[in-house]
Structures are given as C-alpha cells and as structure tokens.
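Look at the two complexes coming up: subunit A is in both, with subunit B in one and subunit C in the other.
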Partner chain A sequence: MNGALGPEYMVVLGVFASMIAVMVSRQRTIAAYWAALAAVVAAGIWTAALWSSPALPISLYAQGVRVDLFSLAIDGLVLLASAGALLVGWNDARYGADFPALVLLALLGMMVLGLANNFLVLFLGIELLSLPLYVLAASGGYAESREAGLKYLLLGAFSSGILLFGLALLYGASGTMVLTQLANSSLILPLAGAGLALTVVGLVFKLGIIPFHMWVPDVYEGSPLPVTTFMAFGTKVGAAAILLRFLFYGFSVAVGWWEPALGYLAVLTMVAGNLLALAQKDMKRLLAYSGIANAGYLLVGISAHNQAGARAMLFYLLVYGLAVLAAFSVFTMVARERNSVSLNDLTGLARRSPWLTAFLAVAMLSLAGIPLTGGFVGKFYLLQAALDANEPGLAIGLVVGAMIGLAAYVRPLQRAFQGGDGTSEAPVRWPVAGAVVVVIAVLGTIGLGVYPAPIVHIVNHSAAFDWLR
Partner chain B sequence: MIAFVILAILALGGGVGVVVARQPVHSALFLILNILALAIFYILLSAEFLAAAQVIVYAGAIMVLFLFVVTLLTAGKDDAEPQEGLAGQRLTAGILAVLAGGGLAVLGVLYPSQSIPFGLPPNFGNLHGMGLNLWNQDFVYLAAVALMLLTAAIGVLVLNRPQRRQHRAGVKGEDS
Partner chain C sequence: MFLVWLLAVPLAGAIATLLASAKGAKVVAAITSFVALVGYAGLLFVNRAGVNWPWISAWGVRFHLEADGLGLFLLGLNAVLFVVAILASSEEMGRVYYFWLLLLEFSVAGLFAAVDLFVFYVFWEVLLIPVFFLLTQWSGARGKAAALKWLIMNLVGSFFLLVGIVAVAVIHHQNGGAFTFEISALSGMTLPAGAATWLFVAFLVAFWIKAPLWPLHGWMPDAYGESPAPVTALISGVLSKAGIYGILRVMMPLFLPQFRQFQLVLLILAAIGLLYGALAALRQNDMKMVTAYGSLSHMAMMALGIFSLTEVGILGTTYYMVAHGLMVGGLFIVLGLLESRTGTRTIQDMAGLNKSAPRLAAYFLFFVLGALGLPGLPGFVGEYMIIQGLIQSQVVFAVVAGFVLVVAAWYMLRVFQAVMQGPAKGSAIRDLLARQVAWLVPLAGLVVFIGLWPAGITSHAAPSLYHVTHFLAGKGGGQ
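Moving on to the complex of A and B:
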C-alpha cells in the first residue's frame, strides 16, 4: 500500500508514544506533549511527501478509504488545528497528561473523515472524532465543563443515531456502501431521499448549522480553552470535509435533492448566527456563534456545487482556522488561570498589552472579512462561487451576514481600546508556545490576505472535482 | 413471514415497553426481550455469528451492567413521575416520533429495497467469514473501533482524576 496511510499511522504511533511517555518519564506532562507534537510534525511531513506522489488517488480496503489530494489537504488543515491546540494548552497541568493523547485521537478521526469513501468509514470517523472530544470537553474538572461534556455526549449520540439511520436507509435504497458507487447504482427514490435527509441532518449537526446548533455555545463555553480552540477549528474541518465528500462524490447526479435545502440552511445560518453573536458578552460564546455563522459560509461553498465552491470552502477553512487560532491563543493568555474571558476582561487591553491587542484585532478583522486579511479573500472566493453557480440569494445572505458579523467582532476591539490607565494592571504574560501560535496565525492571516496565490494553487489541485460544472 | 410478524411484534413491544415502563428494572427486562427478538432476526437472515454475539454481548454483558447501575441508583427511591417542564411535551414528542417512524416504515414497505446483486459470499454469517473480512478488507474498521475503545479507557482515567490535583493548577508539569 506504499505508505498512503502514513500520516494516519504516524498519528496512531503518536497516541501510543504520548501514553508511554506519561508512564516512563519523570516530567510526565511535558514528555507527552513533545511526543504528540513530534507525531503531528511527522504526519505533516509525510502528508507533504505524499502530495506529489504520482500514484494518487489510491483506494484501499475495498474502496473504503480513498487517499487523494482532497484528503491530503484536509490532513494538512487538521494537523495545523491539532498543533495549534497542543501549543495553546502546552504543558498545562490543568488539562492533565492525557490531553495530548486525546487530541491525537480526535485528530485521527478528522483525518479519517477526510479519506472516507464508504458509509462505515464515514460513521467510524465521526465517532472517532467525537468520543475524545466528549472526554476533552468534560476534562476541565469544574461544573461547567462537566455540563458541557454531558450535553455534547447526549446530543452527539442523538445525532449519531440519526446519521446511522440515514446511512442504513441509503444502503437499503442503493445496495452499496461505497460513496463513489452511489452515483452508478439505481436508487429507490423515496427511501434514498429519506436516507439522504437523515444523513445530511446528522452531518450538519456536527458542523453546527442552525437549527441544529443548540449544543455549540454551551459546549464551547464550558470546555477548557485549548479544547474549544481544537473544536472550533478541527471539528469544523472534519465535518465540512465529510459533508462535501459525501454530497459531491455520492450525490453529484441528484443535485436537486439537496442543493436548495442546504442553500436555505446556509443563508439562515449566516444571518441568524451573526445576529446571535451580536448579543454575546462572553468571548467563548461570541466565537461559538461566530463558528456557527462561519459554518454557514462553508455551506455556501458546498451548496454552490461547483469546483469554485469546493475550492473556496477549502480556502475558507484555512482562513477561518488561522483567525480562530489567533483569537483563542490571545484569549488563553488573557484568561490565565481562569477559563473564560468576558468583554470586561478586555477593557483597557490596548494599554496593558498593545501587541496582543494588535494580534487580536487582526484575528477579529479577518473573521469580519476586512481587506488585507485572509477573511476578505476567503469571503471573496465564496461570493464568486455563489455567483458562478447562479445563486444570488446565497451571495446576498453572505454579504448581509458578514455586515452583521462586523459589528459583533468590533465590539471586543472597542472594549480593548477604551478605558484602563495602564498602570493598575500588569501586562499580559506571554507563554512561549502560545506566542508561537499567535504569531504564526497572525502572519498567516495577513499573508493569505496579501498574497494568497500559493494556497490557492494547492486548493485548486486538491478540489479538482472534474465532474462538476 | 409468520416468524417475521411474530418477531416484529415482540421487538416493537419490547421497544415500547422500554419507554413506557415505570420501573427501570422493567425497562431493562423489556430491552432484553427486544434484543432477543433481534437476535432471532439475525438467525433468520443466516447471520449466526451476529446472533450469538448479540445475545452474549447485549443480553449478557451489557444488560448485567444496566441492572447493576439500576439497582445501585434507584434502590429505595419512589418511582413518581417528575413534573414536566413543558406542558404536553411527552405527548407531542410521542406523536412526532410515531409519525416519523410510521412514515419511514410506510416508505420501506411501499418501496422494498434491492436484493444484493452478487448473492451471499461463502462463509457468510459464521465466525470464519467474519474473521476473514475483519482481518482483510475491513481491517480499517477493526482498527478504528479498537482506537475508540482506547479512547474510552483513557476517558475513564481522565474523568475520574482525583479532585485535589486540579486545585493546584499551575504551568509546571505534574511530577510523581
């Protein structure tokens, strides 16, 4: 199989190495983090090496998994997300020595979602992603964290049930489990429709699309900050990747069944998500609603159903992820021992730590979509995809949502620049690992806004779905 | 067909009983009825290994676990219905569930699914066939499930961490 699954093997080895490091090393926590980070880096190098392999796409396990440029791009994104989460929570005894191993397990689930070409792999990927996150959400040890874990577990199990039911109906309707064979099989119509509806509901639940978003704010608020970072970036990448793969590979010929529904959901999510974000005082809740709204933007790329849409979605995932990494690492530094940041905590931040405020400003403006940041370019491509697909409604929804969102993202900045005499409070302390994340994320955000060409090149290759418009 | 109808009634009755029964122990017993009916379904589908696993794993191990928890948690508690937070929510949920499930059942009866085109593979349903599949083309599923079980084991450790450590939250790694 010439190492096509090498990145995944590296991550599995990383899980074991991290657990063994906890057992044998005297500096338990730090050793586990180093082992996990090494595995992530090794998997990243392997992914990059596979990128230029002439054998792609490779199908393995009776077409159960399919390694292609799309799955490698997803690998890259989720590896970035997990490296960011590990560094944000670097060697923090609050999260225990098991945090790196669990992050790697969830990372593996996300990577599996990128390669899934079969209903079973799809479902196992979703579960492999969710189970460690349930534990991580509850790992804070305080009441809100346990509540978040339980809520996430119950609602996640419920949505998994819906997803599984949908997949079973689809198998009954088509007689095949392989996504790429769905298009050629003769579907039994109403049954396949019901199965498709249930499956899509199960998947958009994980993505946090309104009206399936109820769990997102509570879980984000209750989870420890590095876990929220990981969920905001990584889970979104995994869920968006599998939704795109499922619909574009499996139901490309039956576009009329799902395209209108996803379009309406996208518009609803973009507008309502940003409106709800407007009212939030807690920064984690603000970013949770922002995550919901951004999931709506991603859905624009999927429901446009053309190559431009898939490319725009992949590009936007990177842009969104970098902005979220920067924002969350700034919030983690401001929060210190506590686990939440409210608007009041940000008051006068510009005097206390001007550089940190500048980085936060870049992240927030990128989320809002201001030019010279990646957010602008990402939204521009999404808009282009929606117009290419002759869907002006999607484009209007995107612009309206972005305008409302601007107000929500500017509020914390306004707080940061007002008040505070600069003498009463000490400047915010910079842990090295968090500083690395925030600097790389901010540089990436600005870089994508100024010179997006290299990433656009990669994205264009990885989302080369020739059978689309 | 007769066997199917009888088993279907038993399975559905067990399922309804799980939800309706007041005593958790009765719910658990109804669940056993449901599980056994499903196991016989598997035998009718000539999946003997799955039927045996269903009985051993679910009716055996997991039900014992359920009963342990039930006896530990509800010993000496009354079984009065708690007040509903939202008036009539159970009734609404029940009606919606019956409508959704009934709709799907009607669809399934009106449009029966296709027979599998290539017929049953050799060794279908017995241990030999399962093993061949699991260690060859389906190995990736086996690995994924194994890692999920690993996650569950780590999860138990994380969620049962002694509380005292968490008060001494600091940046320094923990020793010992």
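Moving on to the complex of A and C:
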C-alpha cells in the first residue's frame, strides 16, 4: 500500500471527525469546520509528499485505482477547491451543521474520480461526488435552494442512469472493466460505439457541456454561495479528470469515434456559453454560464488529444478555479445576508471598497483571458494544444468564445467603477476566512500570469501520456 | 539595463501613486515619468543593451527586450509624451487616474522593446486595460460606450493575432525548428501556402484596428472625442503607433512574400483611408474631431509608406511615426488647453482668440503647421520620404498622397483661422500659464530638432530594417 491512498484516507477521517464534532456539541459548531480544514490540509501535505515517490504509478485493487502524478495533480486541485469552499462558507449560520462533512464527502468523490481506472470506481466516484452535492444545493433552506437541490437530483440521477447504461454496454462489448485494458481488448463495434456515446454523454453532463447544460444555471443560482463556489470549481475538476482518463486511457486507439464529436461540442459550448453569459444580470448566473463556457475550453484540451492538450487542461483548471474562488468570495462579501448579487449591487463598488473591486477585476480579467493573469496563460496553452493537433477550428472557436466572454466579464467591472446611487455607501465588511481565500486566489492568478513556469513544469510532469504526440 | 529602467520605473511609480495622497498623486506621477525620461536618456547615450531572460522555458518563451533602431525612438516618444501628458493633467483626477497612466507607460514601453512574440502580445493586450478604465471613468457622457467599443474592437483583433502567433510558432516547430517565439528566429520561415494568407490577415487585422486604419477605425471617433485631452494625446500620439510598429516589427520579417502578393490591395485600402480621413476632417465642426480624422489620414500615410515596400518609404514611416506622435500629441494637448478655457470644441462658437491668448495661438499654429507638413518641421520630412517611396513603386498613390497634403493644409488651417483669427467673439480667455509654457517649449523644441535633423532617427532605423530592405532590393536575404 505504502500510503498511496493516504490523501483519501485523511479526507475520510476528516468526514468522521467533523461529524463527531457536530454530534458531540449537538449543534452547529466551528470545531466541525476546523476538523474539515485540518483534514484537507493534511491530505494536501500527503499529496505533496507522494509527488516525488519513486513507486509511482501505483495500481491497486486489481487495477481498480491508479495513483499517478495525474491523480495527485487532481487531488491538489480538488483540495484547493474544497478548502476555498469551506473558507467562503466559514461557520456561516445559514447552512446546516453538516456543511463541512458534506463538502468533504463530495471532495472524496472528486479524488476517487482522479484515480479511477475501472468502470465501477468511476461510477462510485460520480455518485460519491453527486449525492452530497444534491444535499448541499438544497441546504440553503429557502425555496430556490430546495428547488435547485431537487432539480439537480432529478437531472443528476437521469444522467447517472445514462452513464451506467453506457458503462454496462461497454463492459458487454469488451469484457473488461479496466480502462487501461480497454484499448487492447477486441471491441464488439456497434455495442461499444453506443456504450462510448452514452458514457461520454453522462460525463459531459457533469461537466456542463452544451447541450447537456440545462441544470447548471438554475442549480448555481439557487444553491448557497459557498456551495456554488465548490460546484463551479470542484465538480469541474472531477468531471474533466475522469473524462480525460476515460478517453485517453480507454479510447486512445478509436479516436475517430469521439474526437470530432467532442471538438464540435467544445466549439458550440464556448461560443453559446459566452453568448448566454452576455445576457445575465445575476452574478451567479453569469458565472454559471461562464462555467459552461469554461467547460468548453477544457474540452478543447481533451479533444485536441495530445500531451499538450492534457497539460493545458490541467493548467486551465487551476487558473479557472482560482478566478472562480476570487470572484465568488468577493460576491459572498458583497451579498452578505442575501444569497445573490445582481449587476446593480455592484454599482459604485469601487468607491465603497476599492481593494475588493481590484480583486474582482483581477478575477474577471483572468476569466476574460487578459495577459499578466493566469487566464491568459491558460488560454495560450490551450491554443498551442489545439494548433499542435492541427485543429485550427478549435483555436478559432476558442478565441471567438473568449471575445464574446470578454464583453460579459467587463460589464460588472464597468458597473463597479461607475458612480454609486448613494444608497449604500458603507464599505463592504471582510470576514477573515473569505479575505484569506480572495487574497490567495488573486495572488495566485497574478502569479500564474506573470511567472507560470513552475506550474507549467508541474503539469508537464503530471500529464505524461507518453503514447500521444 | 536602462531598458529595464524604462519598464520598472513606471510600474513602481504606478504602485506609488496608489499609496500617495489624492493631491500628491500627480507629483508622484510627474516625478516617475521624469525619472523614466532620464532612463531613456541613459538608454540613448550610455548603454543600449537589451535583456534576454528565460520566462517560460517549457514553451521557449524568453523575456527578450531590445532597443534597436525601430523601437528606440518610439520608446523616446513614449517617455516624452507621458511626461507632457501627466503635467497637462489636472490634480483633481485622483490617484487612480495616474495609476492607469503609469501602467500604460509601462505596457507601451514593453511593447516597443519586445522582440519575442509572446512578450509582444502580453504588452499588446495589457495596454488595452488602462485605456479602458481611463475611458470608463474620466471621460465624457458617452465614455462608457467608447470604452467598451475600444476594448472589444481591439480585442477582436488581438485574439486573432494570438491565434496567428501560436500558429506561427507551432508551424515553425512542426517544420523541425525549435519551439520559440523569437521574431528573429521565426523570420523568413516558409509557411504552408494555405495557411500563409490566413495568418497574414489575422496579424494584419489586429494591427489595422489598433492604428486605426480605414475601414476598421470604428472605435476612434468615440474614444478620441470622449477622452480627456492628455489621454487623447497619448492614444493618438503613442498608442496608434503600436499598430504601424507592429506591422514593421512583426509582420515584415514574417510575411514579406504576402506583402508582395497583396501590395496593390493594401495600397488601395490605405489610399482610401488617406482620402477618407482628410475629407472627413474637412467636414467636422468639432476641432478635436478635425484633428482626430486628420490623424486617421496620417496613419494611412504611414501605412502607405510601408506598403510601398521600398527602403525609403519604410524609413519614412519609421521616422514619421515619431514625428507625428510628438506633433499630434502636442496638438491634442493644446486643444485641451483651449477647450478648458472656452468650454466648447465647436469651431463656429469661437473666433479671434489670438487677441486675448497670443501665446496659446502661437503654439496652436506651430503644431497645426507641423501636422500639415510644413517644410522644416518633421511632418514634411516623413511625408516626403513616403511619397518618394511611392513614386518608386506605384506612382498613382504618390499623386493621391500629394493631393491629400493639400487637403491637410486646408482642414488644419480652416480650424486655426476660424478659432484664432477674425474678430473676437465671446469673452476673452486666459493665456497660457508660465508652468504650461514650461513643458510646451521643450516639446516644440524637440519637434523642431528632429525636423531639422531627421538623419538622427533614420540613420539608426536603417540598420534595423536591413534585413527587410535587403530582401526587397532582391539581393537575397530571406532564408
């Protein structure tokens, strides 16, 4: 074993610890948050320690899971996402006492998705990720939140069914459940084709790719802000990781079956997602559509199907996540008691809280892909991947999407720098935990834009799909 | 290291303005820009060494800056005009205004020094952001719309430029070369026939919008009309040169065969722009818009110089860029001083102002004469060289350019005559203050100096263009 699954065990321990903390005190308690955060930090340290382990890659449980640098990178990303979500919602009385435990459970699902090398583990990870999120989405206690939870549950269960059906067909067509053995098995063609299509549909549903995106805006809008933060970053990492693993390990041979289809979906998602973002007045919905569009960018990395694509996708996940963390923590501070932020709430923010506005500006410009922020470097990497795969269409789709997105992202900024109406001139209050998130996320975003070399080095190692170009 | 100075000082100063008091920000900014100007003097007279540091080694990106003859004087234009623009700005603007101004100086300096395409692109796009916020917050009633138009039009161009840059690097790599964004390494590479035209257009559109050149000048009237005078001076004096400079720096080495192939189309487009700008300037009643459209026409003149594809034409353009920047920058600032005194820009509302403000009228006349190309002032030298280049390649366009020179004299003098001469109308205005003369004199002096000694610039630019001109003369070159 040599501790390869240590990070996952730490998270399991954290789930128990934070639940016990709630049981002991019989009410919501800050101890649960501390326990959860400690587990995340411990798992992060363990992940970092595993990084240089010579034993990698390690296959466990009859090749059911595969711990390699890719899974460790995914671990790092989802740990960051859950730490951000915990801090954004830090000890907030509006959410149930079980908020930290549920976040950790979903985190565990995302980590499992990073390591899955088997259909069953894949499905386990998807369910482990989804079930706590259904509860979390409904945990706001107000009508929109319950609606979001129910909507997410119904549509999520539907997509899980499709996914399961697809996996069953693939097993029938190949006789194996192990992703890395799929490539060499002789597939029964029509069956395998149908299985592949259904599985991919099930997975891109979680990623929020158009036309399987209908749930995203409503669920993001209805869920409490910290949960939306977590979904926007964490779920995307988990879904992208398993899609990449599934296709790159299992179907690197039969690329003709999925590459063009995913390419078209990526272009459609990037362009339409940004167009829809343009029309939004509610910031959560704006970031929901932005999340859809960004899922399209991630799909560019996957459908480019080369090493650069996988690396660019990993890099982009980080820059997107940091921008989302920064934007959502600013929105949480601006929203205070309420649960949504509209364009009007931002009017005159620059005068009320200049620093907060500056942070928001960095996050939005990073999402828009302006240089000296991480978002630019991420898009640059994706462009390299697309053009290296001789797919100029993907590159054009990416920049057209980015152009449209830009208009969507600068509108809130223009509002923020505009004069206020004088109604609420009081500066926005900064909770300490939220301030930690926003400062780290903004520094990271700028750092990745100014000197990305170390992170580029890390993703180049973690996405070593040597059989690709 | 003076090159780093030119970048680091404005960046540090930008942060310092944020920490300064609201009233002290202008002083901090003025000192910063002056220190940057001193750094430029060091670059010019002491040491012109560039820097070449690894940045993202996995992609072959290097932070490579050079001050060769092409960019050297544009860096100077940048340093000079920012000092003037900051001194011409009001203290009331607040610290964030000066923060954006200095950030703009930083990014433009980076742009004019970059010889790595990645670095070039980073600065190319970063400079949009300060202008966007300057237009959003410190401009007229329609400033917000002007800002959005500026950002979106320019970014549409830049994103295609981005695809083009990555595609060129990837093609170079796939052809067996190293993965690099170094312009000198990529120059003269063979592009696949199908891709070459598309890439050429992708690059050209970005530069065409930024200049701006007709018909992609849609952002220009609003941005020029709405922005405060110092910002207009910077946009038209410095930023517009970025487009022309980009064609010279980036496109010439990469796309010479395509320039040959499309020369006639490009010349026709530029000539239309030349006429359009001049005729539109003639029809304006807003003195700032006359200058704006006149500037549009002058940008087309520079483009004609490049597209003549002759050594003298291209040299004329590199010279005219600097000269035009100084003159039009000065002109916009003088117009701003005039507007702040009269409260209007409509030329029919003003007359005979030279009675009450003779010094202001004198500087106005000086920059007007420079803009219309009076011999002895630098505009004439640049236009002369460009027309000589056109005569060598396509004489028809030389005739058009000559005609436009006449129109230019007409529209510029029309403004001067209406505003300054004739019987005085309305109340008298205050003349220039001593502190305003203090920075207008050096600017005017500099204009006269480079007008009298053009070789100071052209002799430096010529070696930098050696590769291009050599190739054009058919003496080999290229690969």
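By definition in this document, the second predicted complex is superposed on the first by the 461 of 469 C-alpha atoms of A that agree within 3 Å, B and C clash if a C-alpha of one lies under 4 Å from a C-alpha of the other, contacts with A are read in each partner's own complex, and residues count from 1 in each chain.
Simple rule for what comes next: a residue touches a chain if its C-beta (ideal position, glycine included) is under 8 Å from a C-beta of that chain, and two chains touch if they have at least 3 such contacts.
Keep in mind that what you see is a predicted model, and the values were worked out from it rather than measured.
Engineer: Report for A:407: first if it touches subunit B alone, second if subunit C alone, otherwise both or neither.
Structural biologist: In the superposition, A:407 touches subunit C alone.
Engineer: Examine A:337 and indicate which partner it touches, taking first as subunit B and second as subunit C; both and neither are also allowed.
Structural biologist: The answer is first: A:337 touches subunit B but not subunit C.
Engineer: Name the contact category of A:172: first (subunit B only), second (subunit C only), both, or neither.
Structural biologist: first
Engineer: Once the shared chain is lined up, is A:383 touching subunit B (first), subunit C (second), both, or neither of them?
Structural biologist: second
Engineer: Look at A:102 in the shared chain and tell me whether it touches subunit B only, subunit C only, both, or neither; answer first, second, both or neither.
Structural biologist: In the superposition, A:102 touches subunit B alone.
Engineer: Looking at the overlay, does A:289 come into contact with subunit B only (first), subunit C only (second), both, or neither?
Structural biologist: A:289 contacts neither subunit B nor subunit C.
Engineer: Does subunit C touch more residues of subunit A than subunit B does, or is it the other way round?
Structural biologist: Touched residues of subunit A are more numerous for B.
Engineer: Using the superposition on chain A described above, determine whether A:258 touches subunit B (first), subunit C (second), both, or neither.
Structural biologist: The answer is neither, since A:258 touches no partner chain.
Engineer: Which subunit A residues contact subunit B in one complex and subunit C in the other?
Structural biologist: none
Engineer: Which positions of subunit A touch subunit B when the two form their complex?
Structural biologist: Per the touch definition, subunit A meets subunit B at residues 12, 15, 19, 26-30, 60-62, 64-65, 91-94, 96-98, 101-102, 105, 108, 112, 120-121, 124-125, 127-128, 131-132, 134-135, 138-139, 141-142, 149, 169, 172-175, 186, 188-191, 194, 337, 431.
Engineer: Mind pulling up the subunit A residues that touch subunit C in the complex?
Structural biologist: 354, 365, 370-372, 376-377, 379-380, 383-384, 387-388, 392, 395-396, 399-400, 402-403, 406-407, 410, 414, 417-418, 451-453, 456-457, 460
Engineer: Using the touch definition up top, name the residues of subunit C that touch subunit A in the complex.
Structural biologist: On the subunit C side, the touching residues are 54-59, 96, 118, 121-123, 125-126, 128-129, 132-133, 136-137, 144, 147-148, 151-152, 155-156, 159-160, 162-163, 166-167, 169-170, 173-174.
Engineer: Report the residues of subunit B in contact with subunit A in the complex, numbered from low to high.
Structural biologist: 103-104, 107-108, 110-117, 137-141, 143-145, 147-148, 150-152, 154-155, 157-159, 161, 163, 165-166, 168-175
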